[in-house]
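In what follows, chain A forms one complex with chain B and a second complex with chain C.
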Partner chain A sequence: MAKFSLQPTPFLGGFQKDYGTVIIKEITDRAITSLALPLGFEAKAEKAIKTVLKLNLPEVGMSTQSKDGTTALLRLGKDQLFCLKNGENDGYTAHKALADKFGDNIYTTDQSDVWVSLTLSGPDSLRALERVCPIDLHPDRFGVGALARTAMEHLGTIIHRNSVAEYTLMSASSSAGSFLHAIKTSIDNVL
Partner chain B sequence: MIIKHPLLGPRDAAEFVYLGDASMIDRPNPNAPDAKEQFYEYGYLRDNPAGEHKELWYHEQGDRSWLVVTRNTITHEVKYVQLARDVARAKGRDR
Partner chain C sequence: MSQSHRISGGLIDRTKPMHFSFNGKGMEGYAGDTLASALLANGQKLVGRSFKYHRPRGIFSAGPEEPNALVQLRTGAAQEPNTRATVAELFDGLIATSQNHRGSLEFDLLSIADLAAPFLGAGFYYKTFMWPKAFWEKLYEPMIRAAAGLGNLSMKEDPDTYDKGFLHCDFLIIGAGPSGLIAALTSARSGAQVILADEDFRFGGRLNSESFVIDGSASSDWAAQVVAELTTLPNVRLMTRTTIYGAYDHGVFGALERMTDHLKSSAGKPRQILWRIYSKRSLLCAGATERPIAFSNNDRPGIMLAGAVRSYVNRFSVVPGKNVTVFTNNDDGWRTASDLIAQGVNVRALIDVREGVNPPDLTGVEVIIGGLILDTAGRKALSSITLKNGRKISTDCLAVTGGWNPTVHLTCHQRGKPVWNEDILAFVPGGTLPAGMRVAGAANGVLGLSSIIKSTAETTIEILQDLSFKSKAAVLPVTEDEAQSCTAFWHVKESKKRAWVDLQNDVTVKDIKLSYQEGFRSVEHLKRYSTLGMATDQGKTSNIAGLAILAECSAKTIPETGTTIFRPPYTPVPIGALAGRARGKDFKPYRLTPSHLWAEANGATFVETGNWMRAQWFARAEEKGWRDSVDREVTMTRASVGICDVTTLGKIDIQGKDAAEFLNYIYTNAFLKLSVGKVRYGLMLREDGIAYDDGTTARLGENHFVMTTTTANAVLVFRKLEFARQCLWPNLDVHLISTTDGWAQFAVAGPNARNLLSKVVDAPLDLSNESFPFMACAELSVCGGTPARLFRISFSGELAYEIAVPARYGNSMMDVLMKAGAEFDAVPYGTEALGVMRIEKGHAAGNELNGQTTALNLGLGGFVSSKKDFIGKTLSQRAELNLPDAIRLVGFKAVNPSDALLAGSHFITKGEQTTMENDQGWMSSVAYSPTLGHSIGLGFIKRGHERLGEMVQMVNPAYGIEVEVEIVSPHFYDPDGVLQRG
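Showing the complex of A and B:
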């Protein structure tokens, strides 16, 4: 019988393009776990996050991360968060480690294969997003650490501001190619 | 139309799905003696005001929250927006 050896590949093949003042890059080494705070037991869940991740629960629409940058917590809604493990390729193992530590205090789901993630960096990254993103990204309204779940070209998107001139965009991996096309078109329109 | 989400700030109405009259929060007690009439009213009868109207909107392309939007049906002015869970809890519901 034939022996198969399967190798995981990134959704966009590790896409990267330098436009001069904007660089798009696919993030290929990040595990994503969704955390849901059980209704009525939010205080217990918040305590578990502090104990397990050593991070405070951010406000809705904000994020926080560990000092070494390996763990980030994105608060998408009142009772929903994403825990990002940077540098982790194996979403299954990353999720299991968190689920074991959180126990019944938090509901967890492995989301690593669900999202394609792109970083947009460079001095023109804000301009590049202006036409495709319906959120006001002015630094006074959307500072470093802010995030929003919205839609770009009808595709559901999470946008997260990592630094003054760098954003992460996350969209469904099943439409990764269409999403990249939408972002590239937006860049072509302004540069 | 812009809906000012209580947690997330101003968002385009295109991110939301409209459900209908916010009176759907007030589900009748199935054990009430006139439960049949109450459920008939709950299921089928709606006010259709020309003016202020409380509506349920779902933030599907956002944080997946349910909102109660108080909107003027003539001018489309959104007067205020509340989280549906807060509205339900204020009415004595536990969730």
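Showing the complex of A and C:
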């Protein structure tokens, strides 16, 4: 038996704050696996996704999720998706399990610790995001399920609209402190 | 003095009195006032001193074009100079002071400059203060700067905060006057996403300042009704107090929204927001700016633009004078007289420069047709004017109008060049406008109200159709076009005294003529020589008159003379707003290593590398300086084991059936046959054959590689790989994704590295040299099941490994490694010790891969394959990069071991002079080697590899250093690599 054991440290210490009309929360129990579709075998890959995840391949810039909400697929590019597994505390193991199921049909990479993820919810979320997000978030152009890569305060960010008034923001985990500061400042400035 | 000039009516709220002070004197105004209107209401005519001559100046306009009434608002750190009183919204408790005077405003000691005016003409400082030469910098310039100018900064940290933001719309309407409102109403009803922005705190523009009637109501009422409807529409964003200051590429506009400038305190919220507005289409409805006529002494307080007088009377219910005279070259002047009469103001005379015109019935007003004003009198406020026939007229306010200039500024921001319109005697938008922009209303040269509304509605419908919105022609309100005849009359040529063209910069008609006489024929040159049109107002009231006078001088027409091009910003934007929230610690993002908390708790000093905060060294209490710490870290690592967080190195996950082939193209050396479970060093060249990055790449599977890059080039390498993947070899099945942040990676180096790791690595991995040799790699688990990756690579030259765990375990991993290493006296080491050990080992790093060196220069020629193609191959074979005397990376040590070496120094052959011609190369990296006990260095010198043992001079003229050094092998430590393979 190993003498030592490792303890995880959430990038923002599990930060959460309720501002009344905006709630911000760090997601600490989500596995993120990047899925890459092999060139020339995209149809096979799509079939594998449907078989393994029971989800259809969304369009680029869109997402889809399982009925129970535990699994979501974010289509970041023509040949790249993120598979989000909620309720997973061990990202690498979750990724391995997925990789084993996909076999050669899809290339997988664990991304769980690459990103710090925040949910921003509440009726004033959009007003806060106006101060930091260059993307047009009007519901007609960025509806529920839409996602985009952008930059917030110089930090690369993936923004994903989960529901009418909830967004997930993903940015590099190493700059999590700066990212949180940017989001908190945006909220403070509008409330 | 209590609002002695206030009259009834207007759009102010008398139920909300506002107390304020000007130069310490308490005054009162109302909500809805500007500082300018409140000052006028209180009879305060003198508000400032002019830029150069310190002439008394009053309020000249009622808008952003104000050249005179620049004041300082607030006090202490919040003090803000150069604020135009005409756009400063009055609030209770406002403290305003005048600026640019020595002594009081009334008795400015520097007004003596006015007496010296004959010596202070255009470009005087280029001509008058030439001798003695040495006096310019030390005496003349400081003296001139102290005497001239605008207000002063507080020199304290700005206590306010600022923000920025992003807005998107189908249709941006710039300006909320008659054209802006009708455009907003028309477009809003179509369902388009509309932003209507205006710099004023009340929408309506001139509708609030004029006595127009629309649909039988006062035009200001109609404006209020339209705004009320717009407020109810969810697809319309109304932005008052917002200046669209710049038009940029692709329909992007810069806007400054003043959030709290009208409040006594910002209460912790941003004072201003700098918006970036993305629009599909835009409509410039910025209206027009009135221009004055120049004549002798036309700068006295009380001489104002006629339209401004109407604004003060109609909107602010303030009479700027008790006996007003109107001086005009157009029909607008008549309307000024009519409005004043309607408000019960005594109009002393109407002087129209035109012959043969018939003004409407102005009962009780003396009308002088074909009249000219030759001079004015009144020291601190206008008291009389003198006509060309010598007659004096007593008057305390002169309303001057020389016609209207469409506000074309934003149309010029993409180099659109305005064109002259002879009908209105003004420049109108021309050339290529910013993408998606149309212009409507007075900004487009349409000056009659009815015509403005009709043409704007038509333009708006065209825009909406272009955007595929269904829109119907709105039922347009009923109104009339006002009389608009104007004649070209720019200045009174008979003027004998100084006639001001640019009030803000004290540029007179004579200055412009002098500039022309001295050879400044281009309008752009004229501007820079005379300062015409510079500073906060950017010549909004002076440009056309200046051009007209220049045209007269050159016997050309105004369009032949041309115009200056307007650039952003339209009105001043505070630096604080441009900086936004980027200040202090959060000036820019910072990145933390996974073990940052551990490092902080264990005495680390941090250094910024890229955006990363890395531990530079870990000081102990007994150590007297950083060198003690670094020497100890190196010594203890080489003696036993040291641990360093190397997470910052770029990590790129590369997968695909063609990944090996792809890497073979990327690196100069072969990667096709790298075995699974092995790591290889690789060198990358730019397309021009110059080395730009290096690192190791591990093969974790047949189709799976993990590349490491240098910290500094992590993003650059990823970008170049993506380019190669997508553009150079799109047929290859290769997929890239960064995992830099995903893995916490630690170098464990030193003779006891294996022993230490054996305590944390889970079975069945065998760390013995036979099972896990140098350049091996594996996926494994540590500490009872935590996934990990292990690479046997060495930057220090020691027996070394790099162990990686998911980043969330990084802090804990550092702690565990230190605890596991306690029995070996393990030390954490920082970037300084890392640097010392790599120099001792002779590894090239950023100092050597500086964008100028080749593989040959770096001594890495053996890594350049001749059997395969790779990026940069062809150009690396250029003869110039392969000359026999090319510089080579070698080591250097001082002949006298106590001499310190200095990076950046150059090498000169002994006995030769220190000249550029004799330069042999340079020292790129140096360190004190605690292992060797003296300074060592790496550097480049011509044919270095053939000159080992030769003595040369290391010279550094900047520091006066000259040291004799010996050229040695770059591998100071374990040159045969026995330790790292052991």
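Worth pointing out:
Definition applied: the second predicted complex is superposed on the first by the 186 of 191 C-alpha atoms of A that agree within 3 Å, B and C clash if a C-alpha of one lies under 4 Å from a C-alpha of the other, contacts with A are read in each partner's own complex, and residues count from 1 in each chain.
Methods note: a residue touches a chain if its C-beta (ideal position, glycine included) is under 8 Å from a C-beta of that chain, and two chains touch if they have at least 3 such contacts.
This one's a predicted model, so the numbers in the text were calculated from it and none came from an experiment.
Shared-chain residue A:Thr70: touches no atom of chain B or chain C.
In the superposed pair of complexes, A:Leu39 makes contact with chain B and with chain C alike. Look at A:Ser5: by the touch rule set out above, it reaches chain C but stays clear of chain B. In the superposed model, A:Ser163 lies in contact with neither chain B nor chain C. Of the two partner chains placed by superposition, chain B and chain C are both touched by A:Gln80.
Of the two partner chains placed by superposition, only chain C is touched by A:Glu130; chain B is not.
Residue overlap on chain A between its contacts with chain B in one complex and with chain C in the other: 39-40, 80, 134, 136, 141. Chain B meets chain A in the complex at residues 7-12, 14-15, 61-65, 83, 85, 94-95.
On the chain A side of its complex with chain C, the touching residues are 1-11, 34, 36, 38-40, 79-80, 91-93, 96, 107, 109-115, 130-136, 138, 141, 153-155, 172-179, 181-182, 185-186, 189. Across the interface of their complex, chain B is touched by residues 39-40, 60-61, 76-78, 80, 134, 136, 141, 148-151, 156 of chain A. Put simply, chain C touches chain A in their complex at residues 161, 163-168, 193, 269-270, 273, 276, 278, 581-582, 586, 588-594, 597, 611-612, 647, 653, 655-658, 703-704, 731-735, 737-743, 759-760, 762, 782-787, 805-813, 816, 819-820.
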